[in-house]
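Each of the next two complexes has chain A plus one other chain: chain B in the first, chain C in the second.
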Partner chain A sequence: MDEKDGEETTYEVPIGPIHPALKEPFLIKFKLDGEEIVDADPHPGMNHRGIEFMGMHRNPVKVIPLSERICGICSIVHQHMYTTAVEHAVDIVPTNRARYIRTIMMELERIHSHVLWAGVAAHEIGFDTHLHFTWKIREKVMDLLEKISGNRVNYSMWTFGGVRRDITEDMHPDIDETLDYYLDLYDKLEDIFLGDPSIRHRTKNIGILTEEDAMKLCGVGPTVRASGVKKDVRIDQPYAAYGDLDIDYVIPSRYDYEDVGDVFSKTLVRLKEVVQSINIIRQCVEKMPEGEITSEPNMAALLNKLKSAEGEGVGRIEAPRGEAMHYVRLVEDNEDVDCWKVRASTYNNLATYAPMFLGEQIADIPIIAASIDPCIGCMDRAEIVDVNTGEKEEYTDEELHELSVQKTERMLGGIDE
Partner chain B sequence: MNLEVLIEGWFFKVVLTVLVSFIGVFLGLLYKGFDRKITAMMQSRIGPPWIQPFRDVKKLFMKETIIPDTAIPWLFNAAPIVALVAPLIALAYLPLGPFGPIMEGYGGLILLLYLLAIPAVAMAFGGLASGSPYATVGSQRELVLMMSYELPLAITAVALAFNYETFSIATISSEPVWNSVGMMGGIGFALILAALFAVMPGELSKVPFDQAEAETELAGGLFVEYSGRNLGIFYIAEVVKMVVVGAFLIALFFPYNLSSLYSFGGPEINGMMLWNVIVDTAFFLFKLLIIIYVAVSVIRVGFARFQINKASYFYWVPMTIISLLGMLLVVVGGAA
Partner chain C sequence: MPTTTIYTLIKQLLTKKATNPFPVKYTPDNMHAAAELIEKGEVEINPPVEIPENYRGKIKYDKECCIGCKLCVRVCPSEALIFKEDESKVKHYVSRCTFCGQCVDICPQDCFEFTDEFLVAGLDKESEDLVINP
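Our next item is the complex of A and B:
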């Protein structure tokens, strides 16, 4: 506790590593003055599972299902990034039909993710009725995903050069029905999350991220779009079928709201993105070209090709939470993936916590923490532990900079690599 | 010794108080089960069976009771007992359906207000004694909330006492308030009743006034360190409090009995007809059910949790103004 003129002015409350406000292990140390937050200090590194290490001991095909397990909600996102990174490295081009099928799946998952988030947000402010409502309607899109892929969460749909399951004509009525279901319910969702006075009380002007801060801290996805930053990989650097589609940035000012960047704006952006996703899927179903679903149907030949492949690849995507990236390196004398690096959207958005928490109340901690839609399982990719003592270490900005300078010097001197 | 003397005797009162305490606990758990089931149905869930609260209590009493190293043990252990005893005593001062207060003549409205305040204070002290930062914040919130909703509650007592010129609950409940005042007084009491319905979720720590527990913020707040038997006692205290507050509202505003409209007859015991007693008891339980449904279940389903400053403001300004206005109307209407 800080002592000032002999009086205790602030006290520290740790939220996490295990806390109901956080859905995954994560630690934020708060310094409080009464109910007001004066400092927030996030400490990641509680949920490191070593998935990348596991991936580097498997051949590239075996890593596809593993990559899905990085995240429980946006499993397609990681699968897509990993697959496109390898395709990039080995020069495999997915078929046109596969690009559309991938887009449909990714947008279905976005609907799933955003509806789920809305429920979590309602729960965080103590409104369990809407938690149950949104999670009930979420079932519909999960049923559709199951119908298409055979699975509710980890879909195992992707393969190098395409997808493993087709979206056939007879599935179109089901897709149509599901999209209509969400369009019909959309007004109700908007009425609840943007209209309900007791929710507006808890979200309006809470956890504000200004446009300036959003740019400075390199936030991504709906978190910064709510502040009016036009940033969306689907438009900035189209992948899959997005280049062929009519799609625009979802920012509050497009819908006659102000680009405040508070929790309310973030809710608005996510809800509007559900409608955008419905629109994108409709376009995809309409424009879907005929043809093969994968350019590499022969698995044995593909494995052989990957065994001797050499190259580096990057997969970028606009995940439901924002831009994310995978890096893959394959070398000739190693039949496993030589290097695999994952950078999820939450990693960027974590930095935006600091300005959002300042000056707010304890009661706002859960909803602000949830407002970036954190996925700690995706984000926790490194942890520094002393093997001998088992103690964890944390590096500061300056120390990391110093380390990279040293590494560059070694590389220039020709000692390393 | 004949029956009359026995009933007037202190020994009988003690037996009755113990009996009523057990009935209070049983009813509380029953209504809690009802509340959970009906809330689940309103939230389109299936929900637990109505017997779940009984199982919860049974399980909690079987579990290990942990006292944290940072706690002050005697205060930490005493808090749940105090929180339970206060509403149990309050039950003895409340008329329950056809039966008058057991301890009639030994205390009235003022005593009841204090007894209603004690559990909140006990919970806050228990939280402070547990030495956890979450519990400390929860306790602060509980005390802030208590100070906020006590004012509308006190105004109610003053208005009623003014109207009946007594603090005796038995006298107040002997004649419904609505019959004792004119049009203006009736509106006044309606306003006060509305304020009381708003106080009830605060008194019972239910959404939107569950800031002291606030699962997502404080992980259970002032109960965060409690476990096993201590938590079980708090659980029982909470459900008894629900019955007490419900019975309190009924005694003040809805003391109607069906037997006053139509006598059902039956064998006479100590001046009361058996069938009348049974029908009135059932009617009382029904009224209690309706009050808990409106003041706990419906409000719980329809709101998000307020921030503590907004909750405090809600009681201090709008609710206080409404109840003051109500009292004013009662005073003016009563004089006319």
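Our next item is the complex of A and C:
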């Protein structure tokens, strides 16, 4: 801490857990020198929901609808990871058609997630018209998801061994129309988010994450692809139908931009991924094989099979926010899921905040915080932290001991009376 | 560019709104009073947007065909289905239902069916509409 004439020149400003600039409960402590940020310290753990605990008291089939409620935006992602983890544990192989349907659904969700993010980013820098514009165009893909699955969010499409609803031939014109709608609007989106001078001012060279830092801090998804790191589970370890498809890493240098890793690059990567998703869905619709949609059509038999199943499984996925993972363990004498662990992409990306905030101004905090597309609801499951941000920030060992002694004395006093 | 902005603004004044006002065309001062008026039939509701085919709405339960196998109770994630021992049928709490449809899929007798009904909000979760086969 700098000192001048005996006075401190840096200040500590906590932002969050509840703050107008943040959409979700989450705390970052900033050290400031005037307007400049000299240190940023993220504190996760403000939104513990105990969802894994709930899952461990239900049988594996009951957990499918629960798993998609981990996140409101990437519900398919969590559902897919959970089902693939259980499939891995008990050796169920999804049918080929199901793999393609899953891929289409996941890519539709990626479009919706990235368009939504663009709106949030615009809102953070004060362009609410763009927020309304992007959220309006996002409705189109949500309508399509509703048409396929029967609901706008929480699609309930997955089952062990496949999917529960088919994408039939008569839905293809709807899919085509939606994809065309986004392709037509893409130029406008690019014009708004990449061409507009005022947005460029707020995003260019702001919140830079260098390639070296991105690798060191194990960031995932568009956050690190914007820095030029070639990292994408869809290509590195293909799941669902991605192995059959023609896809490539989306990094800025592929589109004649520099791999800077600032907010602008992150916007660029996300917008280009919308086009990539459209391309992937087109390929899937074209190549979709005939056949059954699930390899376990009898749900009652499946339920009995899982009752005495034993094994461990892992499901990995490239979520719209980056790589995420589920771990599931089933044991023979426990009908319920024995262990369920979720690692969402935001958990990795939070560490990248530290270098991104350095040297920036207070006013840049919201857009930099939004640039990793944080989803605290997904991430905070395992930690219970009690931080009093008001008068006292941390308890020392002695103080805790003193509190404990006081409580004991209080309780003893109660017994005496 | 100002010309594009003006063009867009004029276009937006003339085109249909992206949202569909529901249940009434203009936001009433008091929503509860408006809901009561709709219930009495004094105010006409503005029709909702078209409900897609295969929509997952309120679940219809056919009590007669139920054989009491309890499979639906075993797959219901939110315990919205409660088995009634005395009559060997299930009781369905709509307020707890997540509309995942696993009961619809697993029922060997096809007693469950999705309907188009989506207006399932209410002030009393124990009311007649929200508990099926009480």
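Points to keep in mind about this one:
As a working rule, the second predicted complex is superposed on the first by the 378 of 417 C-alpha atoms of A that agree within 3 Å, B and C clash if a C-alpha of one lies under 4 Å from a C-alpha of the other, contacts with A are read in each partner's own complex, and residues count from 1 in each chain.
Just so we're on the same page, contacts are C-beta pairs under 8 Å (C-beta built on N, C-alpha and C of every residue); 3 or more make two chains touch, one makes a residue touch a chain.
Just so it is clear, the model here is predicted, and its values are computed rather than measured.
With both structures placed on the common chain, the touch criterion links A:K136 to chain B and to chain C. Contacts of A:A363 after superposition: chain B is touched, whereas chain C is not reached. Once chain A of one complex is fitted onto chain A of the other, the partner contacts of A:D248 are absent, as it touches neither chain B nor chain C. Once chain A of one complex is fitted onto chain A of the other, the partner contacts of A:H123 are limited to chain B, with no touch recorded for chain C.
The interface of chain A with chain B overlaps its interface with chain C at residues 136.
Listing the residues of chain C that touch chain A in their complex gives 18, 52-56, 71, 74-78, 98-102, 105-106, 108, 114. For chain B in complex with chain A, the touching residues are 42-45, 133-134, 137, 207-208, 210-211, 214-219, 301-310. Per the touch definition, chain A reaches chain B in the complex via residues 11-14, 19-21, 35, 122-129, 132-133, 136, 196, 198-199, 201-202, 361-366. Residues 58-59, 61-66, 69, 136, 139, 143, 146-147, 149-151, 154, 156, 159, 164-165, 299-300, 303 of chain A touch chain C in their complex.
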